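Order as written gives the chain letters A, B, C and D; numbering starts at 1 within each chain.
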Amino acid sequence: MTTSSEHRVRVGVIGAGRIGQVHALNLAFRVEGVELGAIFDPDRAAAERCAARCRGAQVVDDERRLIEDRSLDAVAICSPTGHHADQIERCAGAGKAIFCEKPIDLRLERIDQALATARRAGVTLMIGFNRRFDPGFKRARQMVVEGRIGTPQLVRITSRDPAPPPPEYVRGSGGLFLDMTIHDFDMARWIVGTEVEQVHALGANLVDPAIGEAGDIDTAIIALRYHGGALGAIDNSRRAVYGYDQRLEVFGSEGCAVVGNVPPTTAVLSRAEGVTADLPLHFFVERYEAAYLAEMQEFIDCLRHDRAPSVTGEEARVPVLMALAAERSRREGRPCRVESPA
Amino acid sequence: MTTSSEHRVRVGVIGAGRIGQVHALNLAFRVEGVELGAIFDPDRAAAERCAARCRGAQVVDDERRLIEDRSLDAVAICSPTGHHADQIERCAGAGKAIFCEKPIDLRLERIDQALATARRAGVTLMIGFNRRFDPGFKRARQMVVEGRIGTPQLVRITSRDPAPPPPEYVRGSGGLFLDMTIHDFDMARWIVGTEVEQVHALGANLVDPAIGEAGDIDTAIIALRYHGGALGAIDNSRRAVYGYDQRLEVFGSEGCAVVGNVPPTTAVLSRAEGVTADLPLHFFVERYEAAYLAEMQEFIDCLRHDRAPSVTGEEARVPVLMALAAERSRREGRPCRVESPA
Amino acid sequence: MTTSSEHRVRVGVIGAGRIGQVHALNLAFRVEGVELGAIFDPDRAAAERCAARCRGAQVVDDERRLIEDRSLDAVAICSPTGHHADQIERCAGAGKAIFCEKPIDLRLERIDQALATARRAGVTLMIGFNRRFDPGFKRARQMVVEGRIGTPQLVRITSRDPAPPPPEYVRGSGGLFLDMTIHDFDMARWIVGTEVEQVHALGANLVDPAIGEAGDIDTAIIALRYHGGALGAIDNSRRAVYGYDQRLEVFGSEGCAVVGNVPPTTAVLSRAEGVTADLPLHFFVERYEAAYLAEMQEFIDCLRHDRAPSVTGEEARVPVLMALAAERSRREGRPCRVESPA
Amino acid sequence: MTTSSEHRVRVGVIGAGRIGQVHALNLAFRVEGVELGAIFDPDRAAAERCAARCRGAQVVDDERRLIEDRSLDAVAICSPTGHHADQIERCAGAGKAIFCEKPIDLRLERIDQALATARRAGVTLMIGFNRRFDPGFKRARQMVVEGRIGTPQLVRITSRDPAPPPPEYVRGSGGLFLDMTIHDFDMARWIVGTEVEQVHALGANLVDPAIGEAGDIDTAIIALRYHGGALGAIDNSRRAVYGYDQRLEVFGSEGCAVVGNVPPTTAVLSRAEGVTADLPLHFFVERYEAAYLAEMQEFIDCLRHDRAPSVTGEEARVPVLMALAAERSRREGRPCRVESPA
């Protein structure tokens, strides 16, 4: 028997829901240099189903036991948002490196407390803004970095989900901007490499009246003004009947990079009634499969090679500032400044 | 010799510049049921060059002589914007049907006076919002009308010129919104079939400092709110290095129609360094060739069959209201209501 | 009145059918430096309808009167193939420059006689292989000429009609290879700039039994071997339910140029059931509109500037040799050499 | 600790080269219901590197020990072609289910012996024609099966490698048709669901003179005639400078399905010099990643649920018959019948 487990990072996963399973499977089978050490979910059956798919990961009954397990080097936090800040603090207390799903919290104070705790503990903290690791968006970012589009002047982001979440989810979600647009806010600043100074958000409730009754919107346009003068626009919908619509465009003085949707195949059927192609990949698990793998690989590589992750807690805080400004803008019907990240 | 000139509408053209030539050539050679009667341009040589390309159209020395020529049924006004309102009024006085390039005027009062004059005279007046006649945009509009995208919820318009006009042009242009975005404002309301209630315009001077010195902007994002709740965003640039970028997207409860750029050919070259396709058609004369022909054909058909044109003076007035609101919004840094068209 | 008819070439058109109308309209309205002088068709009503669309072209009752009309410099022969050789000879006798639709004749001897007559008379003769003037195919040819694909090694041509012709047409057509593939044979040698040495043609009757009963095929694959070693394949069908399918690919040591179909618009509709785009332009009049105009412009330019046309009678003879070899190959079930053009 | 190894199929892998690693990694991490039991390669270091990537798979020193290992249910044969038949026979003798890379052998007699042995032993045998499991080609096949293209009439397959193999590989490869086109032969019959009756192969040595010196060709067109009348054409090159070019088209009485290349991203860059998109995925490991996974999953599912695999030894024998006929056709310069599979 020859094994090669030297220098493997051991990671525990908290939360065995949809995104927890994505990370657990990647840790178990696809990320190099790692071992999936343990899984916890308050719903033990869910944890066991997940472990079974991961061939024998240990299931633990108690979140604290996982966090304090000395055999684990790191924890991937895939619980509902409301638990993130507490779990970050507990993991920091136990000296664990932390990968945490976005957002850290819906309240800025809790984010700041959690970040301060992690900073004091000196642990690595990476937040799961997965879209930065999408091969297409990375290619566009690389074009910007290499100067191939010149100076960025306009950004356009389309981000539409295939179907709205249930109203009870909406109620606890922090609203469209903190729950959904937050990814686009991150993308907007990352793709250009400049901060957004001002947002103006228009919202509407066009998809599902229950979302309006829950006090939220399901359709939005957010106009952006960057420091330095570039402009941008994000559009969102909670329901695109044709699937997950995720597109990005960055236009500059020397060119324009456009990233389109990704279909499962390139098959095209021509018949008397038209030329038909595949719908885009349905939702985030399919569309961002490669991105989820690449982000976890970066997290593990950072731990193994003692590097700082690209999506720090401080990085992840800025889209929250943007979302809060957008929410204010929408309620007050006027453009609002984004609070300075510093 | 067999001829068939019965029932031909005779049209005179005022202005033999770039767009005047497009219309003159279409009237001379491609529009059915029409005869190009006469051409006037204050620059007589320009008029003669244009007439030569049109095989023998008469060149006249005096605008009034053309307008009052009893052998002409209609006049196509292709002069600079500052003359439109006067010429409309003179044509109306002479009982001529009028095709006039957009916009009617930069000042709302002059527009209203000219429209009132034309209305009192009972003459047909059509304004040249050519993009409505583009085969791609017409297809998208048809999809909306047929309910194939369901209820419109989001509109996105990209409209970027290949190169900025000279600063002296900019100075008299009325500004980006009245000069360039006006087409997009018309498109925005026409594609959905609903009026825009509120605009919020962000502008920047990123392309050419001389444009800023002329008091104008060259880059813009305009967020739109429609009556009924739909939202939209227009983005503009005075310079896209890759050519004329003219795209439209209308998203609704049942689907999404996207109209892309039009390349001159479908030839694609794959080499070791990449897969390369044609740039879009360079500018309006090429991109909207079919549209200019179709709009003039509609004008002539309206005259021959006594129908009202689809782009009346009243229709053409609304984008001016939108542009004025956008300009106010940009100056005041806040969303502004569009004055009601009624 | 200012006109500019100096140096205009005067052209008469023989044949007012589908393709005759295309050329007559181009001559009347779109080609520079030309005047449509007269139209003849044995069906006088057809000639008159065509003349009416061309605003007053003269209709003549007698083919000879047109050919011998001293006011005409050139004749465009758009009659059925069976008349081409005779008309070429008569035009040559009358000293007229000749534009003739392809093919010159279905019999090689008649082609050679007609070409010899034209040669002796010293008149310009151009044959209507329109596809060489298609902007997309021209772009591909230019890529080959500029060495951007390196040395050509493989050629693929897809050429499928939207619907089969009636059996009575098929009977007099000379068969699929002389009637339809002849365009592809011309394309195959022109795109590479090398002659085809050997063809192997496979045919089948899959579309319409009446075509089989008329002794012809409606589906074919023709494998080509070029002098120098490059290989090629053409595929044909008389019925593509989705419209006119006209594609070309040339692959070489440094790259590959692919020309796709041309849709009328770029509009794309995404709905729950799929992403749908336009069918290709329906048939040759639409797809090759620009090509027909460009080829006639070249013909006229050659006359005005005393240049030789690119598609001489000798050029046009080679695809006939290829078609004859293909027919032999199909009947004998083996590859056949193409007779040397020299 | 909760594990779920019940009912897992245990598989040993012979051969730790490029394709052996693909299968080993899939068996170790991505295929459901399986366990990677052991790896053998005559180059022990290669086997160990592969095992290390698979987290602790056992490395064995002796092919026979692996084949006779009672803890293994199945063997994946990923050795060079020359060993396949022997290994199939040994595995059959040991009662192992067999997954074997294509082709079984270059000689028909050895194929038939090996198939007979496996049949007598009653073991499951699946051959790795991976392209049938490509999502795009599967989609096209499904369209054919569902009748969406009607009756198939024409098939076009483009299959070009990014770079030629070294001449020493070519020498032992059995030639282009058995080594490379064999995939296309399999695709050609599978996509339509009908056997090919006759092939006519044209070959050339245009890419690398060393291939010609090794007695082989590197460029080919193969024309196909199917039972029932459909026609087809395959084109091959050993070097497409722009990467792995893998396309398929099946045209029928009711429509046409086209499967294009697959780029790594949809990012498109527009600059003044052109519109540039990604090259296709470079080679088989990248392009057919999903296909390799799906085929191995099918193999395991067949074992777990006692089903026959879709690519039996008999299925895999037919492309060899086609390749042999193509080779004869090329050498004799005439179309050749494909020996009946029965």
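As a working rule, a residue touches a chain if its C-beta (ideal position, glycine included) is under 8 Å from a C-beta of that chain, and two chains touch if they have at least 3 such contacts.
Bear in mind the structure is a predicted one, so any value in this text is a computation, not a measurement.
J.: Decide which interface, A-B or A-C, involves more C-beta pairs in contact, and give its chain pair.
T.: More contacting C-beta pairs are found at A-B.
J.: Centre to centre, using CA atoms, which chain is the farthest one from chain B?
T.: Relative to chain B, the chain with the farthest C-alpha centre is D.
J.: Compute the distance, rounded to whole Å, between the mean C-alpha positions of chain A and chain B.
T.: The computed centroid separation for chain A versus chain B comes out at 43 Å.
J.: Rounded to the nearest whole Å, what is the centre-to-centre distance of chain A and chain D, using the mean of the C-alpha atoms as each centre?
T.: Chain centres of chain A and chain D, defined by C-alpha means, are spaced 38 Å apart.
J.: Can you work out the whole-Å distance between the CA centroids of chain A and chain C?
T.: Chain centroid spacing, chain A to chain C, equals 57 Å.
J.: Could you say which residues in chain A touch two or more other chains, in rising order?
T.: Touching at least two other chains: 240-242, 254-256, 270-272, 278.
J.: Considering only the defined contacts, which chain A positions touch chain C in the complex?
T.: 240-242, 263, 270-272, 274-279
J.: Along chain A, where are the residues that touch chain B in the complex?
T.: Touching chain B: residues 150-151, 153-154, 156, 158, 160, 200, 202, 204-207, 219-221, 223-225, 229-233, 235, 237, 239-242, 245, 251, 253-256, 333-335 of chain A.
J.: Show me the residue ranges of chain D that touch chain A in the complex, using the header's touch definition.
T.: That would be residues 1-5, 28-30, 48, 51-52, 55-59, 135-136, 139-140, 143, 148-149, 254-262, 264-272, 278 of chain D.
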